[in-house]
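Below are two complexes that have chain A in common, paired first with chain B and then with chain C.
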Partner chain A sequence: MTNAIELRNVTKKYAQFTVDNVSLDVKQGYITGLIGPNGVGKSTLIKMILGMVRPDFGTVKILGCQMPVQEIDIKQRIGIVSDDCFYYEHLTIREMKKLIAPFYKKWNEQKFNRYLEQFELSPRKKIEQLSKGMKVKFALAVALSHEAELLIMDEPTSGLDPVFRREMLDLLADMMQDERNSIIFSTHITTDLDRIADYIAFINRGKLVFNEAKDEVLERYTIVKGDLQLLDADIRHKFVGLRETAVGFEGLVDNRQDAERLFGSYAVLDKPSLEDIMYFSAKGGRVYA
Partner chain B sequence: MLNLVRKDFIALKSSFWMSLLYLVVFSAAFIPKMSSSIHLVGIYTAFATITLGTMIDIKHHNHNFLITLPIKRKQIVQAKYLLAIIYAVGGVLASYAIHVLVNQYFPELNKPNYSIHDILGPVGIIFVLTSVYLPLFYAFSKKGASIINGVFFILLIALAQPTAIFMNMLHESGPQSDLTIYWILIGTLLLFIASYFLAVALFTRKDL
Partner chain C sequence: MNIIISNASSDPIYMQIMNQIRQSILSGELRAGDSLPSIRQLAKDLQVSVITTKRAYEELEKEKLIDSVVGKGSYVSGANTDFIREQRMKRLEEKMIEIIQESKELSMSQQDVIRYLTLLFEEE
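Right, the complex of A and B next:
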């Protein structure tokens, strides 16, 4: 299986936090969700992939080409959708398109106009008049109109209403009909990924916690619920994250078989959601509610 | 790179009237009072247009957008230097044209006859200013742009008198002046090229 993106030992140090030695493969032909709480390095990682931030150490390879050496070829083949694409605010959509289109060899004018119509975006509207959601729609129209093979999406759904969010996920699913296409989708709204992601890469405190097929992740992890009497110091260590209340506990274990062996029928084992995995992994240790 | 030049013209389309306004205001202010008005009007108009062109890219962090296009950072800088040349030549020629018209229609203002020095001199001065300005702009971007522009505005006012003296010296140095101005121009061009490489190095290493 070939990789659309390959990060190797990517490191970036800031005063407040560090993206620490991240090696990540984004599989070609699949949707990879990049999840993690706010401020753990997802956007920094995306910026390093795009060449906006230079890593202190490590290499970035996109669609088989090395960044930043072959960045022109790479950027011809990728589309970027973010909740803030930093367009020229005083220009209209039509002017912005006039500005962007000549940079792309495979610009498809008909496709672009079709998307504008579908997203109900008037070409006469100025960028500054667009809501956050409308800007994402415009960015998506641009990205899909130059036949991008790889979509890099940084928190694209955060400003969108549920109707367009669903519509957008359908569009992405359409794009994935062509098995050469790939998407990396960074978000903290994990319900979107529950619907469409094939792989999940989880970033926490600047480190890659896992990068696995979504179904395997949901199969491997389990939520354990039971009475407090079941907990002792050794058992507490088995949890990735644990939440204790007056009436019992709820915790995440990263090995379902171990949990079954350990608790048998004394506790309830539930399938976790991505949000559960993110919550308990981010909190770590014990949380008293 | 030509797409980036075109990009600037599209982005500045609604602001170019300001360059015309600068030309009119500076002409009205300097032509009746100063003998070196041809130089000052050209330099001020051209430099103000150059700053318009740089500010348009950082007003809304637009470098973050430009970097997503299929171009290299080096080309973004290259386009700005090319545009600086266009604005320098355009500003100085516009000033020359206005002074030719003034000579024709308002002879009582006693403007001198102009030579090629009156075009090359101001272009050289704009190149020197740009050679300092653009690397600073790419080093500090949005954070420092308004400070840099403020400093350059003061610098331009302070340079009015030295510019007049410098241009007079060129005129008065007689047959040697051609050789002198060519040496100065070669030096200016070398400075401009060195400045370009410095700006590329600064912008390429910068995190956006």
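Right, the complex of A and C next:
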């Protein structure tokens, strides 16, 4: 299997936090979700992929090409959608498009107009008049209109309503009908990824916790709920994260078979969501509520 | 063919997909040579991961119920007709047992049931 993105030992030190020796493969032909709480390095990692932040150490390879040496070629072939708006606020959508389109060799005007119509964006509107959600839609229209093979999205859904978020999942699935295409998608709204992501890369405190097929992750972990009397020091150690209250405990275990053997029918074992996994891993240790 | 995924089910999604396609094949709704939606199209329609639909298809391939040809997609295999016939015979047997129980409750004799069945056979 080939990789759309290859990060090797990427490190970036800041005063407050460090992206620490991250090696990550984003597989071609699939959707990879980059999850993690706010401020753990997701955006920094994406900025390093895009060459907007230079790593102190380590290498970035995109679509088989080395960054930043082949940056100009690479950027023809990728689409970017970000929470931040990179466009000139005082221009209209049409003016902005006229500025962007010539940069792309494979610009498809027809496609672009079709997306504007579908997203109900008026070309006469100024960028500054657009809502946050509309800006993301505009960025998505640009990203999908130059035959990008790799779509890189940084928190694209945070400003969007649930209706358009669902529609966007369909647009992404459309792009994925071609198995040469790939998507990487950073978010803290994990319900979007619960549905369509193929791989999940989990970043916490500047480190990569795992990068695995979503189905495997969800099958491996389990939520255990039960009576406080079941817990002792040894058993507490089995938990990735544990939340104890006056009426019982709830915790995450990263080996379902183990948990089944250990607790049998004494506790309730539930299927976790990505949010559960993120919450308990981020908190770590014991959480008292 | 319909595939309905339930989030409340304790079965993983790939298994739900697999079971429903298998059921469609065993019931005869899908026949040998019928094509199945592509892995990526099905993932889009169900809004699930491509890996999930891929795994469902791979399991069905292992059971020799479907074949996948690179570039052509997947279709119902004709190879495992014995298995399909066996499964359908088993379902027929279950239905026959139901008939026997029902007729016993109606205090019909074995002869009565056979006569009734013969009559219906001739009308078909």
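Here, the second predicted complex is superposed on the first by the 289 of 289 C-alpha atoms of A that agree within 3 Å, B and C clash if a C-alpha of one lies under 4 Å from a C-alpha of the other, contacts with A are read in each partner's own complex, and residues count from 1 in each chain.
What we mean here is this: contacts are C-beta pairs under 8 Å (C-beta built on N, C-alpha and C of every residue); 3 or more make two chains touch, one makes a residue touch a chain.
No experiment lies behind these values; they were computed from the predicted model shown.
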item: Simultaneous placement of chain C and chain B on chain A, clash or fit; value: fit
item: Partner chain(s) touched by A:Ile196 [first = chain B, second = chain C, both, neither]; value: second
item: First, second, both or neither for A:Gln177, with chain B first and chain C second; value: second
item: Dominant contact partner of chain A by residue count, chain C or chain B; value: B
item: Which of chain B and chain C A:Pro162 touches, first, second, both or neither; value: neither
item: Touched partner set for A:Asp215, first chain B, second chain C, both or neither; value: second
item: Partner chain(s) touched by A:Gly29 [first = chain B, second = chain C, both, neither]; value: second
item: Chain B versus chain C as contact partner of A:Gly264, first or second or both or neither; value: neither
item: Closest Cα approach, chain C to chain B, once both complexes are overlaid on chain A (Å); value: 28
item: Residue ranges of chain C in contact with chain A within the complex; value: 10, 12-14, 40-41, 43-44, 47-52, 55
item: Footprint of chain C on chain A - complex, ascending; value: 29-31, 169-170, 173-174, 176-177, 179, 195-199, 213-215, 219, 271
item: Residues of chain B touching chain A in the complex; value: 3, 6-7, 10-11, 13-14, 56, 59-65, 67-72, 205, 207-208
item: Chain B contact footprint on chain A (complex, rising order); value: 47, 50-54, 68, 71-76, 80, 85-91, 95, 98-100, 102-104
